[in-house]
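Here the chain labels run A, B, C and D in written order, and each chain numbers its own residues starting at 1.
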């Protein structure tokens, strides 16, 4: 393979936006307010747009002729490289928005850094995606603050969301061999290098939201290596069903 | 009543009526009913299509469908705003929808059972909607007219996308062609029913036409729709499920069969395949979202209080 | 095709037991009491057992070499012929048990009648299945009575279940051309001929359960002709995913 | 204490202790802890396997898996009954499970990620369980011993079914073989950890051995398991993920590497991949089922009252 490490990275980020886009799209027509229906659909749309760029590029880098759709619809769960955080179920609006916030804060920093990538295509995609993600982070930050510091119930739900999602954030900042190789080549930042700024941002927002960051240090890991939670298989069964039921068809 | 006559005069001259201006109560009520029903249809209409977002066959189709469903929510928003100018709040309209007092287009009480249904909805349902809506761009009520101009542009875009889905299927594998034919068979009659009952059985019509809230009769629009759509079906090599359908050289139009009005009234009265599901989903979304709306309002109140306190210091 | 009508009937009954077996199996490990975990798994197991007999036979009758698994895992929703009642989601235990009861009462009568079928294989399968179904109907009847006439809450939930499921029972007793042909040939009873006895049984049980049969006469239809509810597609996506992801594999 | 000495004498002679007979409090407590933990493991163990019932690749495999999960619930039932003879109720045991005070086998905190995991669980996890349980058939406490005899029979049946799944996969397509190898890699170490910490770090062991509640040490059982399983992996043409694994001619046994005990203690203390999911699912099932259990009890009370009234007439 032309560039195994780069392919790996491109599926990590592309699968992550794909899976999160799927989760967010599950809200369509079921959001707490009409404005939220629109905003959630818009976020999902942006993420699917990013996915198309990342996975198309992954297919090119791999050089086996796989398209964005081959990668999205014809791989099994263990071939997916998304972070575990984004496959967590929506549960309620609190979990959905908190997941989005924790992710957006990382996504923004990652994309800013990727704009400096030595790989031209990576930097171009990052630049395009950055504009939308700047808006995502603004929106989810705002909602976290307002719902954290809202009613007693909204506060309780938001704190619960932070508590259950927190153990899935550590994975965003782990470095492995692929990361180190690509970082040495100037293509991506070391994930661990983003942690400080992320924590500063998150801590500030949580504090404005009167929410408490959990003490617990334990981090679930595995997504980057294809070891997922039990949720991903069900998500993919649904996502891939139409494509798989009609092998070779065009749409 | 001279006031009413003057009002009618303005309408007859093609003037637009604006929210703050005098209007007969009947005009206001009719518009509120019609605009809110239209808004509800956009909102409920998210559900049958939203049902296939997670199962779209390619990423491009997924993105297009997401954008479309987002547009529909946006149309809902314009329309609720237009209705609000008539003195009803969005929450009141929701309450009417959730309690079953307000209607939405009965077409959305049919299920989406395959990907082809997404094509068929774009092609037929949006096609029928546009047929209904184009004249509404010239509606006498300003805000509604302006909302419709914006909406019609996006709708015709959606319709082309729907037709494009159908084209791909009809040029595709045998299974895809069957899927397309099956979708046409299930959506054809419900689409014809979107224009409402036959003129003879239609209430509200005459007054609405005089007020230029409505400009064509149900049957006229239905005929137009058939005349436009049948050649498209021919082009797709799909068979319209109507044994009575044939070209009438004399009229320069298609003759076609009678929809099953029993089914129509059943669906209208709550006995469609998905009435309970659709309304249930909206009520659940609303109820489950109560804490979010309350949280946001509570925050806004706190924030306002803090700002006031800060200003007072 | 050798016997199109018989194939049609065999998929109707086989798909019905398959889909209901799937729904019931969704409870595994999540039932309200350990005894119910066991009983629900047992019911699902019986239904899957019946499915295997019906669909294997359907494949033989069709004569194109399709196996029970080809029929279960490689057809799309519109090719399924199950009644709509059995694809209704589980929701809560009340809906699950009420659905089971309304179905079991029909299933028992249908199988009793099918034991007299002029088709030997149909009558053999019906005889085998009858013994298990006699137990199913006893169990679900008992639970309906106990929960209907239990607490205020259990009564309320059971009445709600009856109300929402009732419109899906009418389809069990509709006759179409296939039914008439097979009935003329002595292979199956006319579905409509079972309605009287079914209603008597159901009315008796509902009354013992202090539950009220809804007045509403409207009946959802379509399952027998392949026009389903939106639920079936999702159910099949999950049911078929492993099989479809590995075309031609043996397990 | 002569009573304790007499008790120990009976055990040493191989007599069975029955529920109504005198026993030391420590013996009773140890057994309650062990039997209920074992029962909880059967119940929680339904979840990882139940996760694949709806996605089993063939109807036959679905039926086999359903039967297996049903058996596990049945084992739970025998074991809760055996524990109840010691003076604790099933509801109390559930309460201990749900509050996190009682443990269940940590193996069930790992996810089932492919169909091969169902094979691997049958082969490895049931294999390890049988290794643990066979000696328990000779346990000094009668009800537990009898429950284990019944359970072991079914478990070895399950193990064969699991191995059969693995065989089919290993003789199957390349994707199936990879799936099998991947499952072995994920389940191997957790299976070795099922025998508990190394003998040096194991509490409770000496007393339990004297009481014949336990008959082999953790390390002895672990060695037995490795010696039995490695040749099976070879037969399947699968590679055990242990670089230190090799046949030791002298000992007539395999040498093998050290499990990651850090991970073990993490999982035990709540930080496994699925701890929250598993316990959460059981608590939810219990809470959601409260109205059912209350309904059944209310009916029983009404029924009893009616029967009494009828008898009094």
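In this text, a contact is a pair of C-beta atoms (placed from the backbone, for glycine too) under 8 Å apart; a residue touches a chain by one contact, two chains touch by 3 or more.
Since the model is a prediction, treat every value here as computed from it, not as a measurement.
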Using mean Cα positions as chain centres, tell me which chain lies farthest from chain A.
-> C
Report, in whole Å, the distance between the mean C-alpha point of chain C and the mean C-alpha point of chain D.
-> 34
Can you give the whole-Å distance between the Cα centres of chain B and chain D?
-> 57
What are the residue numbers in chain D that touch two or more other chains?
-> 55, 175
Can you list the residues of chain A that touch 2 or more other chains?
-> 76, 233, 237-238, 241
Touch relationships between chains, expressed as pairs = A-B, A-C, A-D, B-C, C-D
Complex contacts: residues of chain D adjacent to chain C = 43, 46-47, 50, 53-63, 66-67, 69-70, 73-74, 76-77, 80, 90, 115, 165, 168-169, 172-173, 175-176, 281-282, 284-286, 288-300, 302
What does chain D use to touch chain A in their complex?
-> 51, 55, 111-114, 175, 179, 182, 186, 266, 271, 273-274, 276-277
Contacting residues of chain C [partner chain A, same complex] = 76, 233-234, 236-238, 240-241, 244-245, 247
Enumerate the contact residues on chain C facing chain D in the complex.
-> 18, 22, 25-26, 28-38, 41-42, 44-45, 48-49, 51-52, 55, 68-69, 72-73, 92-93, 145-147, 149-151, 153-155, 157, 238-239, 241-243, 246, 248-251
Would you tell me which residues of chain A are touching chain D in their complex?
-> 76-78, 164, 167, 218, 220, 222, 227-230, 233, 237
